[in-house]
Structure formats: C-alpha cells, structure tokens
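Written below as structure tokens is the structure these notes are about.
Here the chain labels run A, B, C, D, E and F in written order, and each chain numbers its own residues starting at 1.
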C-alpha cells in the first residue's frame, strides 16, 4: 500500500525522524511518504497550535487525495483526525488512537508520558475521543518542550525514564505510551530501561493501517465521517474547495 | 462592556440575525458588535466545516484583541473555543456551553434539537466538552440543513415543534436547546408552542458573559488556556503570528 | 427584578454578609432582600443540618410566593433546591450550582475549597446533582467550621490559600470555588493571592438569575419540578399547606 | 432485635400494611414496631413531599433513640436516610437501597416499577445514591398515584403487570422492584404472574438489617455519618435539639 | 435452610476456617456444609488461578444440585459466580459481592484491603461486576500472599491495620472489606483496632442468602442466568454433562 | 511469525472455517495453525460455557508454549483471555477486543450483531473489559444459536442483515462487528449488502497480532498479567501444572 504519514507541525527534522520510524516497522510492500503541511506551527503544544495544525493537515489530506491508500496523522493529539476522515476516500489513523488501541492488547492499564504540562488537557481530549479514559492510568508531563526533545537526547531519556517510572510505580501503568512523535526514536531504549512495553504511536499507526488495508476496511461514510456537504468556502485553499465539491459517496 | 459576537460561518444574513438576538437580551450598558471571520464555510455541519471555521474564528479573536471585553462564539458546537481562550486576554464563551449551563438551572434534563443528522457526533462532542452528557436527554436531528432554516420558516417551525415534542414525550426532556444559531429567532415562538423553556445559546452566552464581567472573572491562565508558547508559525496570517509573540501572562 | 436571597442557616451575621455580596454584583435594576428561615441550625455542616435547613428554606420560599421574581439559596450544598423549584412560580438558583456552571466558562477544571471534612460527601452530592463531577478536580476540606470563618479572618485566609494552593498544584485546579457562603467576603483577596479565578457562589447565582430574568426563562414545570400534587399535610406550617392547594400549572 | 419501621408518610392504612409486610419476613427473634412521623404529607410523590417527610422522619429517629436496635425507612426514595444515620447510634436502612442491593444477588439487571411519572427523578436520585445506576435497566412509571394503589387493587395489579412486562421485554430487566412501599402486599402475586423475582423493599430492608445485627455491624461514624456537630437549632422540636447536644462518638 | 459454602481453593485449613466463620453468624435454623472443589490451585491470586478455580467450583455446584437451598462462593473475587447461577436451581452468592452490598448500608464509601498487588485487577473486576466502583474508595494491596496469612497471624494483623489505616486516612474509606476469605478470622479484632466497620464477606454472604431464603427469592432465569443450552461437552466431568441435559426452566 | 488460532469450542467445522478466515488475511510470512481445546462445549453461548471453555483454552495455551510467537482466542467473548496472558510468554489477542479496537479506526460508533439473546450479558462483559462501552452503539441479538449459523446460511445472512440494519438505523451504528467467530465467512457479503464496514474479529486479531510482532511488543508482565505464582494445582492437567512451576519473568 502507499501511505502518507503527515507530521502536522512544520519542523523538518521531526518529519524526517517520523518517516524513519514509520519505515522501520512497515511491511516490505508498504511505500511510505512523510511530509509536513505547507503551513502551521513549528510544534504542537496546546489548543491554538492544534487548531492551526488541524487546518493545515486537513488541507494536506484534501490536496493529496487519489495518491495514497491511507494516511497517518503523526502528532500525539490526532489534530484534525475526524475532519480528515470526512474529506478522505481512504483510511486515516492518528498516532494517539493507534498507540492507545495497541497498548490495550499488551497491558491492562497504561500511561502516557509526554512534554510540558499544558498539553495534558489536549492529550486528555484525545484519550476521551478514543473512548479509552478508563484504561489510561495517568498522563505524566515532563518539563520538556517538543523542540527540546532532541536538543539534549540524554536529558530527554533521563526525564522520560523518571516520569515513566513514576507512572509505573505510583499510577499502576503496565505500559508506557510516548506522548509526542518526537519521542519515537527512543522507544526501544526506553523499553529496555523500563522493562515494560513502550509504544511510539507512529509504529502502531503504520501497523494498524496496514491491517485495515489487508482486511479491506475503509472509513464508514454513513454519519460522523460523511463527505462534507457541498458548499462554498470563502478565502480557502483550492484543495479544500475541491474537496467540498466532490460528490458525496458512501462506499465502504 | 464591549462584546464581539462571532458567527463562525460566512453567511451574512445569519450574522445579522445573531447580532439582533444578542442585542435583544443584552443590558443597556453592553455594546455589541457582530461579525463573521474573513474566511471559511457558509455553514457548519460537520468536522471539516468546524476545523476550517475554528481556524478563521481563532484569527478573528487574535486580530481584535484589545478592542473588546469579551467574545461570544455563535455556533452550536463552539468551534475553536479552547484555542480562542488561549489567545484572548478577555473571556470567551461558546453558545453551546452557555445554553447547556443555563438550561441546567431551569430543567432537570434537557434535549438539543438541531439540523441534519450528521451534526450529531459534532454536537455530542460539545456536550462532552462541557461535561454535561448526563443532563442531556437526547440530541434530536431534523432533516433541515443550516441554510434551509430561513428559506421556509414555517416548515422550520413545524419541524422543530415535531422533534422537540418527541424529545419531551419520549426522551424526558424538560427544556429544549436550539442546536443552531440560525434557529435563535424562533425561540419565543417555540417556547409558546411547546410549554417548556426554549433556549437560544446566543442569548444565554450574552447574559453569562455579562455576569463574568459584572463579577470580574476572566479565563484562568494557569494550564489548559495558557497563552500559546512563543514560536514561529509558517504561512499564517499576521494576527496569529502576533498572538504568538505576546509575552505569556497569567493574570486572572 | 426583585430577588430574595435566602441564607438557609440562622446566623444573622452571615445573612448580612451574604446580602452585601449579592448587592455588590447585582445590576442597578435588581432589588435584593436577604433573609434566614424562621427556624433551623446555626450552620450547615452535614446531612442532618441540611435536612432541617431544607425544610425551613422550603417554608420560606412557599411563604413569600408572589413577592419576588426569583430566589437564591445561599448555602454551598443547595439545600432544598429541587423542592423549592416545585413550590415556586419563579426561578430558584442554588449558589453551588451557579458557582460550578460559571466556573466552567473560565476554567477547564476547578476545585472547591471548603470547611471541615465531614461536609465533603454533602458537597459531593451537590456536584453530582449538577452533573459536573468530571469538571471537579477536587473538594479540599480545611479544619475550619462554618462559624469559625469570621472569628479569625486572617487564619481563615491563610487556610484557604494553603488548601487552594494544594488544589492548584496537586489536583490540577484552574479555578477555586469557595465552598461556603461565609467565605464570600474574601473572594477578591483570594483571587489576588492565588492568581486564578476565585468564585463566590452568591455572586454567581445573582448574575445567573438576572440572566434568566433578562431572557425570560422560568423553571420547567413538566416533570421533575411540577407543582406538588394537592394533598393534606399533617402538622405543617400554613405556608406549606397553602403551597399544596394551589392549582397545578405548567407555564414556562 | 428491636426494629422500628418508619413509614415516612402519614397515611395510617399504609403504615399498617408496611408493618404487616415487615413482620411476615422477620426472624422470630425480631420485634417490629411500625409508625408514621407526627407530621408530613399523606403520600410522597416528589421533592417537596420528600423534603417535608425527611424532616419529620429525622425527628422520629432522634426521638426514639435508645429504644431500638435498628431503623427501616419505608419509602422507596429513602427520604432523610443520610441525616438519620447521623443522629442514630444504631443502623438505619432505606427500603430502596435494600431492594436494589438484594436484587443484585438474583438478577444481572433489574427495573423499578412505580407510581406517577413525576417520581422518576426522585427515584433516580435514590438509585444514584446507592451507586447502582448501571444495574438499573429502567424506571417505569405507571399512572397510579400512591393513594390510588389500594383503592382499586385489581387495576393496580393489571398496571404493575403491564409496566413490569415492558421492563422485562423492552428494557432487559430480569427482576422487578416495587417502587413504592404501598405496592408491597402484591409482591408474591406479581412474582407468580411475571415469572421473575419481584422485590418489596420492606422485606429486603428487614432481612438486611437483621444481617447487620447478626454480624455486629453498625454505621461508620468517621466521616459522612458523624453525629451532628453540637450547635443551636432555632424553632426545632426537642428531639432534634437533644440529638445535637449528644457528645460525638465514633464507635463502630 | 441447607447451605453449601464452597472455598474455591484447595487448602483444607482455609476451608475449615471459612466454615467456622459461616456458622458463627448463621441463624440457628441454617445448616452449613463447607467444602473445597476436587481440584484446582491451593490459593487464588490471579486470573489463571481464578479460571481454574471457577471451573472446579462450577463442577461442585453442578454435582451437588438438589442437596442444598443455596451456595456461597467463598473467594473474594467470586470465581465462577455467573456460571454457577446458570447451573443452579437455588441462589448462589459470592462473598465479594455480599461484602460490598452490605458495606453500602453502613458506610458512604469503603475500601478493600487484600493480599499481594497482582490481585488488584482481579478484585477490581469483581467490584465492576457488582456495579459498585463509585462506592469503592480504594483497593489496598499488602505484601501478604494468601497462604502467608495464617503463617504469622501477628504480622498479618499489623499489615492489615497499616494498610486499612492508609485507606481510611488517605482514600476516604469509612469501612474496610477484608479482600480474602483467609482474613475472615481477624474481622472483629480489626474492627476493634480500626474503629470502623470491618467486613468479612463470608459472614455477609451467609446473612444475605438467609435473607433471600426468608423472603423466597431465587435467581432470575430469564436472560443472563438461564440454564445452559442443552449441548454436548467434550471430556468434561459427569456432573457438568448432567447439568447440560437438564431441561431449561424459568421458575422464580 | 508462527501463530496458533484457538477456537475455544469443540466443533471442528467451525475450527476449520476460522483457520480459513485467519489465513485469508495473514501476511505471507505468517504461519497459522488452528485448533480446538481437547475438551469443552460444542458452542459458547453463556457463562457456564465460557467458564468451561476458558479452562480448556488455558490448558491449550499452556501446553503449546514455546511453539508459537502468538495466540488468537477465536470466540467473541474472549474466554480465558487474561488467564492465558499470564501463562504465555508471547502475546495473546482475543477476537472481540481486536474487532472492537479495529472498528474504532473506521467508525465513530459501532454495533455488535450476534446470536441468541442470552449471550448479551456475556458479550457486554467483553466490551467493558476492553474499556469501549461508550463506543458500542448496541449489541443486537438474533434468534440464531451458534450451531445454526451454518445449517441454513441464507437464513443466517437474512437475519444478520435485518438486525444490522436496525443497529444502523435505530442505534446509530456506523460499522457492524460480527459477534461470533462462526459468522466470519459472511463478512464481505454483509459489508457489500450493508454499505458499512463489517468486521470479523478473527481477521482483526490476526492483523493486530502481526502488528505487535512487527513492532516487537509483548504482554506486560508487571502486574495484571504476571506469570502465575508457583503453587500446587490439585487434579489438573500436566500442562497447567508445568505452567505454574516456570520461574516468574518480567521481560517485555
């Protein structure tokens, strides 16, 4: 299958790493492109960041329709996920939801270890959207900002180990979800250090969307994710306008 | 107080009516402007519409900072609500949340009567965001699209009465929330016809934000709604970029 | 509008202060009377206190029907709220529910800081009744009894700051609700000290009931709050007996 | 053990029947008195009725302290339950809670069949208080008022069978709880007719409180049900005043 | 009534103690046998233990049909409870559910103090099955394994007191449930030491099933607990095979 | 990878079909064996069936340790899932959980269409165990028993279409999960007929466990799924006894 992995922020180094993580786990028959939107914030750390990134991610999905068999939204917060499902004729999977659903198969309860505290309500919303709040032992926020993650990777590892250990010892977590796509590269090192499953959502999303493809499943176009009603968009990019004039379909 | 009521869609006739509804209930000392964003869909009936409208609503709030004492987001779904709270130094109230919180004072449980069925998951998300799912007896969707509401107002009234009656008789609703700003003009006619409280969120939002102002309350800037982290935005409107360079404040 | 604010306990000094807080936030066109019932406990700190106070508050509302456009029940626990709605032809608002609904507009999650630990289950019941348990980060109980609050106001301030700070730092609260009407006078001092919104329910209830009045909303008389069935009351005050012979109405 | 069963309403015929039901199931060593409070409504069908009845029930429990080894509150809604636990040195059991807890041992999910629709929110509150909402398949309200139950007992039986059958067939109920103490006398006839367990709360409360007594359990006096704080009560019956001056104890 | 108390593990010393605890609280008219299954683990401390024990407990209930008026499953986790209800013509009560339902009558919220941490998810499942999660303040696990309980009974008492005290002081527990049948013998000593109700599920189950018997209630055979569909069992004990050929009945 | 798919019932025809479904979706590098336990019921339609099947499934997993890289439990109810995770050193996935987690990626809410009504509580338990109750629009039971499914496949298709259609039209389902492994063969025919995604759990479990394998994830052995404590099993198969003497490991 052909897969477009979208890093919703506009930091190219992070896009490169996400592409690397995606390819590492993908089946030989899966071709992966990885890209950022043409606009938006350098990192996503709150609701305003998310709102702007969701808009640009939606434009990316609309603009590339017909070129891919599936999309992965590679920000732990799944910005624009439901909107993208509306405009896409092929499956769209978010890395937060994929990590959470996968974690449920290897752990009774799990925690998310992530960046600065202000992202907590934003990530909590993704957990609720996935319907998995009761499986989430905790969301542990470190003092790291998104862009600091790779500036001092040893400090990053130390902080993730410390906060993950608190999640395991105090909150009852049996697996750790890395709550930022930028943390993906350290997944196996962390798993080694912690002795519990450690999940990067990018890897989970790639394997799950491969599963959808293998089994022939596509987004249901019956209610929540119906193609947008045809209507005029004022001052919007051509790709979005085009997505709104496509005839509504309800194929499986 | 000076209040900006934003109709997140770009249909001027609806913006005019919303402004009328807002002024009808406002205190004599409240000055109200009503506007649409400079871009976005003609109506909001799903997640893609919402994502686009949220982006443009956010730009509007950012662009007008310093001119108002408060903002009302006048779409029943509160697009961009949390993002707008981050970039605003004054309170921001959504009409869905305002209608729901107000309804709780006059009814034990209430229902939302709204437009076409595809908005149901989108409105359900607003109910969950407000934390009031258990108070919501039902979301009843009519066959009306947003822009059909005023095309045949008598048909609109008949449909709203029919579906509201089902909510009251079958779902246990004791009050009816009009689930689209475009339905505001018929609130008192519906209340007369149904014999239960009927709430237009625009009126509720105006009185509640006047209450915040009278009591001297502002958005908490401690966690969920912290001003955005200073960072570069790629290819974004000046107003957004400017909002991101403002120094972070945590005044009450 | 004419408003009766009822302090359900029988301590006149507290009644006076509540009246002061109510008038401080009211619109110029709102006339406020403040009173205590003719019987009941000096303070409300548990379920027996509440049961007795609810009975006397109900009698007060029944006895004064026709003289007011709305009632506020000024005890954080809303004793007798639903019963009063049944016997009243005008809106009745509790200060706990008003504080909680208002807080939801300025904070993602909030905590209640209140008096001695035994009130915790009693206040938790009010939070559940309002349907807002998931928005409540915590209920923090101090060692203060209700009547100690004003005996040493500096100690009171210190304790409230200490426990509110724990709610903010450990529980994730973004706003603080003062969980006793007797704490109202220190709301602005606490807000200044804590740097987050601090809410006294009396102020919130006054502005919210003014909003109901401005918008023409009254209690739904269709199910939960129907006027009591006509029936004999044995050994009950005249005002209650009279409330039970009034013909049942279902006006909005 | 000596047991006082309190019918919180003031209809003597109903008190007699409740006493009969209680004695029918009690162990030979259990002595049962059955009484009504000295004041209050003839029947309990809403929140105002409940508030008045709770006050008088509390007075009854306070006045008879020292004479009994346990109390049963025999109204399906458990008026004043928590308040009575505060003032009592011996266990207090409500018939709604007892019926629900007992039903959980013989049915996966159960329904409550009761009187007129306005009691539904009042009974729902009792289900929530017991923490058993998820076990409750439905609350089915008939057109019967409390005092009509025994006026035409054949009509009563027909209505209960009809509504119970709907609960079983449409809501998934596997047992039926009779949602009014006045329905107790027809429990076995209904069980015969319906082919599922039918529970009268009076019988359940008597056997459960006998169990508490046999095992030596008493109300926990550590937090929710602490003896009231010593304080002045204005214009209250002597028995209540006396209950408030008793020294606080925390015996098991 | 004739009652079979089944200790689902195969440690005879524990079976003896459970029988003792059951008889201590039973009515004079109740005859109690106590037994272990013919196979299974020496103790139950996880999901594999439970799965094996449930199978053997089911065989015991099937094999003894017709000899008893009721069954108690005496492991805090209620292994095989629902399966046993299907094959039994008389009531079956688990000690975990009985302890929880009884605790609700004497405490607003309660905690379970139990053995090694790995049983926590297993006991949590029993709490959820009973529908009482919101009443459960905490599950506190000690370092004790099941079979260590009686090896050093003074150490056991010290540990239970310590962890129960944490549940009371930190989690808000108002009563303590002993989360292992092996802890039953110390119930009254613990109650004395802690000053709150302490419940052994064996005693609670005996009094509750006596109540079912006194009131003439049996398991509902309408849906969840219908007698098994007649079908072939491969390589299963005769008693199970026999249970599957009994004609389906739906008597109350 | 080498995968053992276990059909927990003992009907060979069904085992054959499940093997076929598993191989149809598997990657070329996945080798699949499919088997039934050596004992247990011919079909699984209730709690007694499940208890017996879980025991024999556990034995199968214990007996085959070391021969496979993963296990699939192919009964929609996931019998013995948690117990098998304890004794297995490689991942174990149930088809109910896999179908539910996969469905969440293609539908906002989904329904389960299954066999006779008595399985509803049994399947509901699997939904709760997966933590996905709020995503489940309904469980629709047909009149089909498990073994009737393939006796008249045209009738089966008609019934599934009818009940799935009700789930879509009345309950808001956007995808259909086939709630019995025996229904797997008609998945694509049903998807064609219904126009929404239709999921057989066998296919979902195979692709998800391939994903776990690709990404190097194994069951967390830290709490819920720790290897059983070493202890004596009385009268149990050798494979189980052996599983209990293996040293406890906590490898990822």
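By definition in this document, a residue touches a chain if its C-beta (ideal position, glycine included) is under 8 Å from a C-beta of that chain, and two chains touch if they have at least 3 such contacts.
Fair warning: this is a prediction, and the values are worked out from it, not measured in the lab.
Visitor: Among the chains, which one keeps its Cα centre farthest from the Cα centre of chain A?
Guide: D
Visitor: Of the pairs D-E, B-C or E-F, which has an interface that repeats that of A-B (more than half of the contact pairs shared)?
Guide: Selected pair, repeating A-B: E-F.
Visitor: Compare the two sides of the chain D and chain E interface and say whether they are made mostly of the same residue numbers, over half shared, or of different ones.
Guide: Here the answer is same, because the shared fraction of interface numbers exceeds one half.
Visitor: Give me the rotation angle that lays the C-alpha atoms of chain E onto its copy chain F, rounded to the nearest 5 degrees.
Guide: Best-fit rotation on C-alpha atoms: 180 degrees.
Visitor: Rounded to a whole Å, what is the gap between the Cα centroids of chain A and chain F?
Guide: 27
Visitor: Averaged over CA atoms, how far is the centre of chain B from the centre of chain E? Could you give it in whole Å?
Guide: 52
Visitor: Could you please state the distance in Å, as a whole number, between where the Cα atoms of chain A are centred and where those of chain E are centred?
Guide: 44
Visitor: Where does chain D touch two or more other chains at once, residue-wise?
Guide: In chain D, residues 82, 108-109, 120-121, 172, 223-225 touch at least two other chains, as defined above.
Visitor: Chain C touches which residues of chain D in the complex?
Guide: 10, 38-43, 45-52, 54-55, 58, 80, 82-83, 85-87, 116-118, 120-122, 125, 128-129, 145, 147, 223-226, 228-229, 231-236, 240, 243-244
Visitor: Under the stated contact criterion, what part of chain E meets chain D in this complex?
Guide: 25, 27, 82, 91, 93, 97-98, 101-102, 104-109, 130-132, 134-135, 168, 172, 174-175, 188, 191-192, 194-199, 203-204, 207-212, 214-220, 222-225, 250-252
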